[in-house]
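Take a look at these structures.
Below, chain A partners chain B and then partners chain C, in two separate complexes.
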Partner chain A sequence: MSAARDDSGGWLRERLGWAPLTAALAAYRIPRGNIAFYLGGTTLFLLLVQVASGIMLTLYYKPDAAQAFRSVERITGEIEYGNLVHSFHVWSSDLFIACLFAHLFFVLVRRGFRAPHELSWLTGLMGLVLGVGLAFTGDILPWSQRAYTDARVGSEFAKYVPLVGTWLNRFLRGGDEVTSNTLVHAYGFHVAALPAALTLVVALHIFLLTRRSTPVPEEASRETIPLYPDFFVRQAAALTAVLVVIMTLAIFFERPLGIAADPRLSSPGGAMPPWYFLAIHQILRAAPTELLGIDGARFLVSAACLLGLLVAALPFIDRRGSKATAVLAWVLLFVLILLAASALN
Partner chain B sequence: MEAMNTCASCHATLNDAKLRAPAREFGGSVHRDDRIGCVGCHNGDARDPTVGAHSKAAGFDPHPTHSQVPVICGGCHSDAGFMRRINGRLPVGQAALFNLSLHGKLSAAGDPNAPDCSGCHGKHDVLSPTSPRSPVNRANVARLCSGCHSEETRMAKYGIRTDQFAKWEKSAHGVAFKKGNPNAPTCTGCHGAHASAPPDASSVAHACGRCHEEEMAFFEQSPHSQGFRKRGLAQCVACHSNHDVAPASAILVGTTPDASCMKCHSHDEKPRKAADDIAALLRGARERAAEARAAVARARDRGQHITGAGLALDHVATAEMKVRGVVHTLDPARMEARIGEIDRAVAETLRLVADAERARLLERRGYYVALGLAGLLLLTLTLKVVQLDRRRRRGGA
Partner chain C sequence: MGSNDEPEEVPRRDFLGMAVGGSAAAFAVAGGYPFLRFVDPPAQQPSGPVNIGKLEEFPVGSARTVVVDERPVLVIRTGDGFRAFSALCTHLQCVVAYSAERNQIECPCHRGIYSMDGRNIGGPPPRPLQELSVTVNTGSVIVSAV
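Right, the complex of A and B next:
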């Protein structure tokens, strides 16, 4: 009996190709103290938490303007543990965006975008755009007054994106105005289009990671640890800590839904966009009506798009990865935090 | 009435702005939409594209007099057959009602201060009352009335006060109206529209009772009903006032200097005791209802959504409203029965809050258990990291 049990383990390992797999993972080495790798793993974990909690929420959510708010109220108030699942989903979404930003930021300051990592950098940026889209469309789904305001203001600014603005505005709204079509579009993006695209991008990002022998060029001389089991155990410890953080936030800091969307009401006083849009919200709030003969908002949104393109093209502009780029990244972070903080005051 | 309208096409091109304006204004009016031409009111011959259209033989009248206007408007609006063809949803007979009103009587007597139809609805630019731009739209009608009734020089002749609009704006009705309550009355809600007349002392309860049916019925059963009638007191107004009607609250009843009861009963021992008893009952119910609302608000501030709390508080509010009705009987026994409804709704609300709090505490306990398990896992993983580091260093050495 005992021999049969031992044999079954071996049977499974043999079929999984366990030994060659662990050998390959052990051969892949990670710089010991590189936080960017832990942030990458944490971001992926948070995405999985969102997928799991999101599936549970989908069972009760109704993507209809007349029923959406009530269905979320039902999830948070009537369905057993629904409030907890909802809180997990919302907080893990916020942490997901924060980790995504932090992951990219640390890659940027360590100049990990240099050759041969250009494609990893680009897929990472695509992941950021899709992740923010995922969070923003999720923000609209409760169809509360705040969600309605966010949908209206967010899609309004999409209009100023160069070349595709008008089309993008209509596409996001599902028409000329924010209506129930907007909610249906947001739902489609949130549960199907964006997760599918993000899965592909993440898969490509991980695939590209495995295609290179040296993870970060200038850190090749640093102490490294094997991906398996050393890095995996460290990452597991980090994920346990992250899980505790989500649990604590979900239990002690619940997110009130507010009131149901009513297009006849004016925007709630002191309405703020989601935190990841605070900096751009502050810039647009302070924008003059006209800049260089162009509409102020259009000018600034175009400038932000241009900055995004420059960041994407960084591996091709700064091929050597100069230290000035790292300094600029720190300055940019400081300015963004300052802008976000001033938006809250 | 439907006719080729050469009047507008000619008047629109005239140099004199005063003659041009009617053509422009008429372009956006409901009568234009309904294809009622200028001749519908002014007569004349609209088929003639020259000044011959102003034919006296065809009855052309450029300036109908004050007293003629209701007759002209009534020509169509009192013709049920015609109105059915034009707009079946519109009532007919406004002219007859207007003639019964004080406005109508003064207008017929040629008083230039009294409004005719055009005074409220406009002349060439008449809009449908459902249009938000129409002066008689529900949103604008109080301001329309105030246009004349707040004018001291105009009202002095009739001895009518001019503070009604200012008072109404601050009243319970005005505040509810501004908040968008579709049931809150504006001027026409109490005074009527075409047949407008001020309710007098004996009829004011009927005006209020159109909406506050239960209060009126209970008032009729109270000792006040007969007493007020004998003394010629203006029923509801005696306690609640009229244009500046305050939100109904328990402080109206009682023996405090502000209480309405003290206006008449400051020296009567028996009514004072009844007022005190009723005030105590109302105060107690109000405090318990406030406690239930505060408990739900506290839970909401904590981010808790309590299932059914909204409905339970609605029951509290409904029961409070019923008590507000029965208080007009001045019978503490009947009030107690209805206060029991408040207490049951309050108890149900507090039970829901307590259940939600128990669930929250259970969730917290679960959290601490999970936290302990996570701590253990973290400790195990940390020990494993130390073990792996040692093994790697030994391997390296």
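Right, the complex of A and C next:
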């Protein structure tokens, strides 16, 4: 930026330290056409969108088992644009999880976890766990029959996690059983604990990126573009498209609430958990009673947890980022999609 | 730094660092334990025997799901008397229902099947349904955990 322009920058620019800020952003270069960056920016944007629409929903939502469903019905049926805000919040939550997952997947296949990016990889995975927690607790809040079933089945999954399963199960339920306490617990997590934790993790993730002169492991051959303005402009265009997609989904594909939770009603036939739990749901559904002498479901979920730990430890196991890791990542994705698809049958 | 015959001094900055780190660790332990205890929900105590209705509300050959301690309980009345089971499927905790047509208890989630005495006889459920005791006292049906 020229000195003449700096001088004419005005009162606000001067106070914001605009010129050095944009100069630093312009000096920071990222690889051209690396989809992982656009997905990262989109994920952050979707998080902000959810915070905004979520705060709006809290104006009318009542976190009480006797009133929750009615309050969501009121939001979607009586409050002006309530249906749109609700639908927008739910769709952006789905897209948030999808983008977060895709962001991490592309970092994985491009082996962006290599040193010195180990902590970025770990904070990214922590973000995924917290993000799924946010989506799951949000799913429970309408306290509809489906939400009640999801709370039961979802918290039952936790029981199979090795070592901490029983504790986690009680913790998620707010007691031994899914009761009104579960809803209050989910609300506290959804609006306070998880957003606070996720904000910290995202801040740390971004801070770690800025600590590096280049945000990707050395790949000298790659063409790069400056973060500002080039990347920002492209990202803004992508976000505009994302916003159009969410609005279209929110307007034309409403998310029906169903009926209010009633523990006396039998669960809906073929009840499905939220889509991000379909693969694990299929594992639990199809698990044999016994495998190698132990409970089949426990065996398979323990194996899945071990796989998760291996993925988290990748930067320390595969320091150079071998091509085989990228191939395995594609195989893993294929298996997950296959499991989810078979859960739908 | 001291000379060879003097004890080595800890530089002031390192000392302060250790003091701050030590205090933070002490606070983390002192606060962490109560925190973990607080967030661990207390065990739910059963409320004891619960009156679920009048005898005439349960005709022979009928089944009804009632709520006891916020949990669904399936109460079945056959010619031989009453049976009550936790209506939570032992597979993934969906709420089961009685099928009069097939005279069995079914879980709609993944097609789990239980016999009328609560035994898991088909589908993924790994265990029988938990049974509760039912008594009839001066025309009222009372359910309590076994």
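We take it that the second predicted complex is superposed on the first by the 333 of 345 C-alpha atoms of A that agree within 3 Å, B and C clash if a C-alpha of one lies under 4 Å from a C-alpha of the other, contacts with A are read in each partner's own complex, and residues count from 1 in each chain.
Everything that follows uses one rule, which is that a contact is a pair of C-beta atoms (placed from the backbone, for glycine too) under 8 Å apart; a residue touches a chain by one contact, two chains touch by 3 or more.
Remember, it's a predicted structure, so these values are computed and weren't measured experimentally.
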TODO: Once the two structures are overlaid on chain A, check if chain B and chain C clash or fit side by side.
DONE: clash
Task: Contacts of A:181 with chain B and chain C, given as first, second, both or neither - done: second
- [ ] Once the structures are superposed on A, label A:289 by its partner contacts, choosing first (chain B), second (chain C), both or neither.
- [x] second
Open item on the list: Looking at A:257, would you say it contacts chain B, chain C, both, or neither? Reply first, second, both or neither.
Closed with: first
Open item on the list: With both complexes overlaid on chain A, does A:167 touch chain B (first), chain C (second), both or neither?
Closed with: second
Task: chain B or chain C, by number of chain A residues touched - done: C
Open item on the list: Just to be sure I read the superposition right, which of the two partners does A:212 touch: chain B = first, chain C = second, or both, or neither?
Closed with: neither
- [ ] Give one of first, second, both or neither to describe whether A:244 is in contact with chain B, with chain C, with both, or with none.
- [x] first
Open item on the list: Is A:29 touching anything from chain B or chain C once the two structures are fitted on A? First, second, both or neither.
Closed with: neither
TODO: For A:230, decide between first (touching chain B), second (touching chain C), both and neither.
DONE: first
Open item on the list: With both structures aligned on chain A, tell me which stretch of chain B collides with chain C: 77-85, 95-103 or 131-139.
Closed with: 131-139
Task: Intersection of chain A interface sets (partners chain B, chain C) - done: none
Task: Contact footprint of chain B on chain A as seen in their complex - done: 73, 76-78, 83-84, 225, 229-230, 233-234, 236-237, 240-241, 243-244, 247-248, 251, 253-257
Task: Residues of chain B that touch chain A when the two form their complex - done: 300, 302-307, 363-364, 367, 370-371, 374, 377-378, 381-382, 384-385, 388-389, 392
Open item on the list: Looking at the complex, which residues from chain A come into contact with chain C?
Closed with: 149, 152-153, 155-157, 167, 170-171, 173-181, 185, 263-271, 284-285, 287, 289, 295, 297
- [ ] Under the touch definition given earlier, write down the residues of chain C that touch chain A in their complex.
- [x] 39-44, 65-67, 69-72, 87-89, 91-97, 107-110, 124, 126
